[in-house]
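These notes are about the structure you will find just below.
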Amino acid sequence: MLVNNFLLLGALLFCIGVYGVIVRKNAVLVLMSIELILNSVNINLLAFDRLWADSGNNDGNVFALYIIAVAAAEVGVGLAMVLLIFRNRKTISLDDLSEMKG
Amino acid sequence: MLLASDIQVAQNIGFGIIALVMVIGALRVVTSSNVVHAALWLIAVMAGAAAQYLLLSAEFVAVTQVLVYIGAVMVLFLFGVMLTRAKLGKDVDLDNAGAWKIGAPVALLLLGVMGYVLVKGFDDTKIAVSGEGSTVGQNSLLSDKIFSTYALPFWALSFVLLAAVIGAIVLARKD
Amino acid sequence: MIQEQQWLLSLGTFLPLAGVLVMLFIPKKDEATAKGVALLTAIATLGVGIYTLVKFDYDQSEKLQFFTTNKWISPIKATYTIGLDGISLPLYILSMLITVLVMIYSWNHVPEPGNAKAFFILMLVLQTGMAGTFIAQDLILFFVFFEVVLLPMYFMIGVWGGENRQYASLKFFLYTMFGSALMLVAFIAMFIITKNNAADPEAANFSFQWFNENGPDVARNTSIWIFGGMFVGFAVKVPMFPFHTWLPDAHTQAPTQGSVILAAILLKLGTYGFVRIAIPFLPQAAKTWAPIIAVLAVIGIIYGALGCLAQTDMKRLIAFSSVAHMGFVMLGISTLTPLGINAALFGMVAHGLITGMLFFVAGSVKERYHTLEIKRLSGMLKQVPHLGWIMGFCAMASLGLPGLAGFWGEFPAILASWNPAQILTDPSMGNHEMLYRVLTVIASFGTVLAAGYLLWLYQRTAFGEPTGEFSGHGDDDHGHPDHGNTDIHDVNVFEWVAWTPLLVAILVFGVVPSLMFDVMDPAVQQLTSVFGK
Amino acid sequence: MLFASETEHEAVAQASGWFLDHAWLIPLIPAIAFFLIIMFGKKLPRGGSEIGIASMLASLVISAGTAYQWIDLVGKTEHAEAVTHSTTWFEIGSLKVGIGSRIDGLAMMMLILVAFISTLVQIYSTEYVRGDRRYTHFFGSLTLFSAGMLTMVLAPNMVQLILGWEIMGLCSFLLIGHWWEERANSEAALKAFWTVRVGDMGLLVGTGILLALFGTLDIGEINAKAAEFTGDHKLLALGAVALFIACIGKSGQFPLHTWLPDAMAGPTPVSSLLHSSTMVVAGVFLVARLYPVFHTGLDINLAGHHFNLIAVIGGITVLIAAGLAFVQNDIKKVLAYSTVSQLGYMMMGLGVGAWMPAVFHIFTHAFFKCCLFLCAGSVAHTGSHHSFDMKKDMGGLRKKMPITFLTWMISTAALCGVPFFSGFFSKDEIIDSAKGNDYKVFFVVGLIGAFMTTAYMTRATYLTFFGKARGGAAHFVNEHEDHSHEPAHDEGHDSDDHHAPVVHGKPLVFAPDDSPWQITVPLIILGALALVAGYLNAAAKPFETDYFHRWLHSSIGVEIPEAPHFEWMNAVPSIALVAAGFIVSLLICKAVFGEGNSPLKGLTQRNAILGGVHKFLVNKYYLDALYEKVIVRGIAHPISAAAYWTNQHILDGIVNAVGKGGKRTGEMVYKYIDQGLVDGVVNGSGTTATHAGGALQPVQSGKVNLYGALLFGAAAVGALVLVLVNS
Amino acid sequence: MIAFSSPIVDYHALAPELVLAAGLCLVLLVDLFVPDHRRWITGTISGFVLLGALLPIVTLAVWGDDVRDAIGGPGISGRYVVDNFALVLKALFLLAGYVVVLLSTHEMDEKSGYQGEYYVLLLSSVLGMVMMASSRDLISVFVALEFLSIPAYMMAAWKKRDRKSNEAGVKYYLLGVFASAVMLYGMSLLYGIAGSTQLTEIGKAVTLDGDKVGIQVLGVVFVIVGFAFKVSAVPFHTWAPDTYEGAPTPVTAFLSVASKAAGFVGLMIMVYLAFPLARDVYRPFMWVLAALTMTIGNLVALKQKNLVRMLAYSSVSQGGFILMALAMAYTNGSEESSLRAVIVYLIIYAATNLGAFAVIIAVARRTRSAEIASYGGLFTYAPGLTVMMTIFLASLAGIPPLGGWYAKFGAFRAAVDAGGGWGYSIAIIGAANAVVATAYYITVMREMWMKPVPENADTSSVKVPASLQAALAICGVATLAFGVVPGIIAKVGAITDLTGAFGG
């Protein structure tokens, strides 16, 4: 298979994620968009891992695993924060998070 | 026995279908006007990703993906949706008004750049996917790596998670 | 280099800091003790200075004396290298003297809002910075000392200054920073280029000696750029037109003490930098820049004088006159001749004494009359005759009357600018003789203007009858409060003590200029030897 | 180097005496005296004047000794070199500047002159400014002033010369502005200093040029090199012009003469000192001192050259100033313009190559002009209660003040160039030389000048000493003469004249008779000298003396044509013109200012156009009217008055305008360029920076999404650019 | 098939990390068992833990090899290296952490609970930084970066009831996640090119030639973007002002100093080890970033009314100077001077900026405000604090003889050392910015020294708690000493050889 199949899929997911991050106002949805990006990275890593499989390393796999772990932690933290702001503001619209500016 | 070429065709078709589902799912995630729908679409993408991982003979990662993402993260998301009392249904106020005017160009620009370099860089480089070549010992190799070469980051990861848990609890708890 | 009594200069430079340390432990309320300690420190420093004067070997004034070098920042090849030669000596001592006098003056003249302790501490810190700049023989050390004076002066102006002090101090600060930032870049560039050029790059260091030996080899075009950086740095400090606009504001708003120190020493840091660093290190660039400097200097002379004529405020007038006087100094430097540079150095000291003195007078006038508006002042000679005469004396000295110190800065500078260095008139390298001659004439017109504004000032303020406002029996048509003449008293003891040395110095150096020329000349000769004759 | 050279020092030492070696004491003593006066003067019984006078006497004695020894030296050797003593003052590289003394004939003459006149003036002043609030300061300044002049005269090099030159400038400022409580006085002082200072530009530049040309500032060396100059003639000419500009300023030559009349604001002794032997003579002295520079630089006496800058300026000054002297009512101003005019003679003399007559004129002029000023002071002090207005407050004083009158007359005669008076021998010789050296225009100028001089002096004399006593003088005269005489109240055109003389609110105390001895003794001495001084160099038969010439000859420093041999015949035109001037002026004065002239005023007021020759012939009042209306109004006014107007408005206006304009320019520059442009750029850049900061603030919108967009967008753009660049 | 071989762990080399980890657990445990009113003890313990972790650093510096692998073995060595570079920076992080603990003592004590948790997070973050200094492969770098960031996100939001603090945390978190996502993508590309996660291997592969140039460029750019966020380089700085303003002040101090330093450390590691041959990518990119960062940071800072926010922009612009030095690595042999410049800058900046925040905290205890206007007339009632603040601000402005000048000197020197159009142009831009920067530092000084005290302000003398005094003393002495005798810091800079850099 062409490695580019996966890579382009990854790129596509990445860009969709970016779009989501920019467009979405709801904090939870932004977090979801981030997951898209992280998944695209993992697809990349695993594709590259196959690319270099002959050299006998599978660092890509390890990397991907670690990313999943970190992503989990990040989501946990992110949702905790979302809850926090919701508690304080009764909304999770990022638009309202602009008390400080300039 | 399937011929290698047949497998390749099958793989390509499989890849294509899954990829299509993932892309559509991803697009729905970022466009859906229903938070729960978006979350569900995300599950589809995650699952698709897990499938791709399998295709890339990363079984352990694929399983982890399913366990962690679909099993844990998605539940977290859904909890998040519930706890923040999001509207269960259509909610027009999920997007920033007019933000697509910024988001779309940025995303397309990125896509253009990435696509250009990837196509140019890897042109028709091939990889051996699942079923091609040996995958024996993948998982043991993985574990070897984790506990030798990458032992320290692994050790650190545990602290990352610990810190995240502690912090998240403090932040999220009512007081 | 004469490496005897190596501790002497360090002692003279850092003694004030010791005083500062002691003062930090004196409670703020105990002003007398604080002042006393500060003054004692300053006097002790001056004592060290006088000892230096005594120990200085005048027969070898072209050599660095009391030379010492120590490790300082070895990774960047910067050393703690200090030494004193004929060029530095007068300025070094002057800085000490001025500090003492300013402190004496401050004894009962601590400006609003008080806090003598802080005020005196600032003066001591300033003293260290000023003295250090003049003895530094290492570019980085020089830079550090050069900048040390910045903050104390900023606060002196900003805290103890006049109504518009905040603006003035900010301007002072930003201008100087602007100059020194570019200067620092230029220093580094010069170091790196000389290092790369050198046969043995490892030997490269920031000492003046290194640059004296290797600076002239810098390629001409490069050196012109580097000189440009230094030029901005020093020109701001001098200040040369068009970088001068901070000066009138700073002077006007600064407390008397600040003005005096600023005029007497701080401005000299810039010209000293030209003489000590920019010109000898980069002679090729100096040649290219000299006509530009000369033109700017002369513009400064005329411009400063015109600025003076426009002033309605005595202090501001004096401040503008500094622009003009420093123009003469820069004109002298720009000739690249021994005569011109000697004149410039003399001019530096003379300007320090005279303008410093004028600022003292202005301060005392302000204290007595609560105004410095020229049109409100009149008949000072009648009301405060001693003050009036001292002011007249200073005005005369300032306008370059022979027999007083000011003359020896101006007159030889003009002579020299008619006869600039040969490399400036060498037809093969672009002959600037005509330019310099025209500049000479314009500069000499500057002396006329100087006479104009100083005498005008003197006539308005000192002559005539005291205005009713201040004479105590006054019709008060301007609506100014009638101050009466109760607080208008003549020169008091502190003022006499603080001023007499300056007045005497102005006269003595005016009558016996060789006192200074003899010290400076050998060093200047050596410095200009790089230009041929 | 030339000075301070040991060998030379010894060489001259043999040929010189104690005084020649110690001439440096001459300026030093008054200089020290100045400090003594300033420091202790107030505590002394005579307020410091004793120190001043003593110091001047000491200087005078040493000067006399010096003169004696110089004359002795000249007697011994044919070409006596200047005796120079100099120690290094300071040294910059190859340029050594000494300080010391350079004694030659010119210096000797000036020393004597200055010391002598200073002494007399100081003695005179003890009375004149008695009781002044700044009595001590006055003497201090006077003494310093003399010290400055002496320093300059002795100067062996340009630097010392400038030193003395400027000290005089300073003291003139102090002295002219002595009564600085009044604005006018301080302004006159300012103007004097400033105008001179304008000229000093030339001195600075000129010195620079001399240094460039000769590589030295030593006067002897400069002169020697200039005399045999072969280098860049243009530059030398430029130098000479520059130096001459200084002289124009200092010596009140056209067009920088305007400060001089204003300087009359100072006390009269000051005027007399300034205008006779010091200050204003300094310019002439400088030209004489550096004569080779001017001679070579300005092509004086070069065949085919009939004009040169010095002569032209001198000539113009002679006429202009003389013309102006006509219309002055202030006696001191008449004398002031007269001085300007006489200085013009000297300059003209130097310009036409008549070095010796010009210098001799310095000598003679000093005595009679000093005397005239002191006489004027005496009149004002005693006779007209401190008024100098001839028309208002003088007249008829000759009987009441005989000594003053007599000395005035002698001096006037000397000034006018009446034969056998000192002025005659010097002035006539200048005129003669102009003719002899082929400067015909200046010969004519000299003659006209002589005529005009006589005329205005006659007028001044008449107004002061003859005719009816008016105003203050009337009080003075009437107080002590019998009151049956016709009272003077019908004289004035101004009602003020009839008021009781009140100055500064105090009734005046009139002197019983002529001025006290402190005033009269100097007058007498000076008058006598005005009479006899000329015989030092009286070329005319039967005297044929040439002492002066012999003593001073070596000071010229350059070959100049011998003065033409004096022939009485040649002097006839000038003598005739002097006589004519006297007679015409006397007649007119008698007519105009004589007695019984009340109809005149009516006439002139009634009838502006006057006609009829018969009336002109028969009616002496009509003659008055003619004079007033036609000559004075018609000729003198259009010319003289126009000249005066020009003087006051154009020249003076220029000077003032330069001052005002300078100030205005300063204000403009300050307002628009400094505060507007230069400062504006800086403040503007500050503002721009702040504004730019403000403009950037919207980026910091506070919205996370936009931040994200920026982050990704920037990454994308950066990547795009770098990918394109690198592939 | 390679049989598993147990890695050789050098416990001495790993000791600082172990001490921190153990200390972290200890704090957590202690927090469980002490009563509320004695919770302050967690802070004390944290302080000791941080100082304790310094001990092995000292022993490592004094004894043993210059370079050692904390974890070694075939294929393992060179991925987590303890060299002088690492030691110096570890020491910096620990000390900065210690000062932050000092700053936090009273803040956390008085404002919100959760002290124990706070210190756990702080120690975690410091541990992440310490690991960053030694990481030499992509995975370690990534994990270390997340390790130091994730606790920091939460610390920023620590004032739970404060809306601004929440906002600060969320913004920081989201932007941080965005940036790490971009960085990860870049890392994946780098891995794809090199086939290894080890930085030196990547360094050999990223050569900017061949048909994969585009991918290399993209990888490099994205990785730099990730770190540029961390060091708040414009235009990736947007979070910084908001977060700094909103976060608890000690946290702000921590972020602006330690976290930023960690970002720079990561960037240095990447540039020197992974991109040495990719100069044509990172130099223009970082040149632009540096120029923008200095300029925009400064210009916006001019307008600020809030001191913390102003310092946020100031720290942005300070970052620009560091970037200036770093951008010039491997240009005309300037890599050494730029590496040293960055390290020296980081150290001096840390001392100075922490000091400034210490003063802010001390003053805010009285005024309850960080508005610049509230500093009016501070000199009249708190001269000591004013002088300290003046020292710190002047040092930030780069005025000798305070530390900042030497930092700026080094940065300029690196730029000029590189020379050429890139070097000189950025040096000139830097010089201009150095001046603009003084303008707003001066504004604060002016407020303190020259303006009157705001009305109704309490002007009794300000009491500074001992811990703050200690922090002030440490920072003040360091700032002064670095300026007067820069030799000490320069020497530290000189020994910090980054193993594997400079092609060695």
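Letters A, B, C, D and E mark the chains in the order given here, with residues in each chain numbered from 1 onward.
Here, contacts are C-beta pairs under 8 Å (C-beta built on N, C-alpha and C of every residue); 3 or more make two chains touch, one makes a residue touch a chain.
Here the structure is a predicted model, which means the values were calculated and not measured.
Both chain C and chain E are touched by which chains?
Where chain C and chain E share a partner, that partner set is D.
Everything stays put except that chain D is ignored; which chain groups still touch one another?
Components, chain D removed in thought: just one piece.
As a test of understanding: of all chains, whose mean C-alpha position lies farthest from that of chain E?
Chain centre farthest from chain E's centre: D.
Per-chain Cα mean versus the mean over all protein Cα atoms: which chain has them closest together?
The chain sitting closest to the overall C-alpha centre is C.
By count of C-beta pairs in contact, what is the leading chain pair?
By number of C-beta pairs in contact, the leading chain pair is A-B.
Where centres are the averaged C-alpha coordinates, which chain has the largest centre distance to chain C?
B
Calculate how many whole Å lie between the centre of chain A and the centre of chain C, each centre taken as the average of the chain's C-alpha atoms.
64
CA centre of chain A versus CA centre of chain B: separation in Å?
8
If you average the Cα atoms of chain A and of chain E to get two centres, how far apart are those centres in Å?
So the centre of chain A lies 25 Å away from the centre of chain E.
Starting from the mean Cα coordinates of chain C and chain D, work out the distance between those two points in Å.
38
If I count partner chains per residue in chain C, which residues reach a count of at least 2?
174
Multi-chain contacts in chain E: which residues touch at least two other chains?
Only 2, 139, 142-143, 146, 150, 153-154, 157, 160, 169-171, 174, 178, 213-214, 217-218, 241-242, 300, 303, 439 qualify.
Residue numbers in chain A touching 2 or more other chains?
Answer for chain A, listing residues that touch two or more other chains: 7, 14, 17-18, 21-25, 27, 30, 47, 51, 57, 59-60, 62, 66, 70, 73-74, 77, 80-82, 84, 94-95, 97-102.
For this structure, enumerate the chain pairs that meet the touch criterion.
Taking the chains two at a time, the touching pairs are A-B, A-D, A-E, B-D, B-E, C-D, C-E, D-E.
Which chain A residues qualify as touching chain E in the complex?
Residues of chain A touching chain E: 7, 10, 14, 17, 21, 27, 30, 34, 37-38, 40-41, 44-45, 47-48, 51-52, 55-57, 59-60, 62-63, 66-67, 70, 73-74, 77-78, 80-82, 84-85, 88-89, 94, 97-102.
Help me check something: in the complex, which residues belonging to chain A touch chain B?
Residue list for chain A touching chain B: 1-9, 11-29, 31-33, 35-36, 39, 42-43, 46-47, 49-51, 53, 57-62, 64-66, 68-77, 79-84, 86-87, 92-95.
In the complex, go through chain E and note every residue touching chain A.
2, 138-139, 142-143, 146, 150, 153-154, 157, 160-161, 163-164, 166-171, 173-174, 177-178, 181, 184-185, 187-189, 191-192, 195-197, 241-242, 245-246, 300, 303, 309
Where on chain B is chain D touching in the complex?
Residues of chain B touching chain D: 96, 99, 102-103, 105-107, 109-110, 112-113, 116-117, 120.
For chain D, which residues are in contact with chain B within the complex?
Touching chain B: residues 703, 705-706, 709, 712-713, 715-717, 719-720, 723, 727 of chain D.
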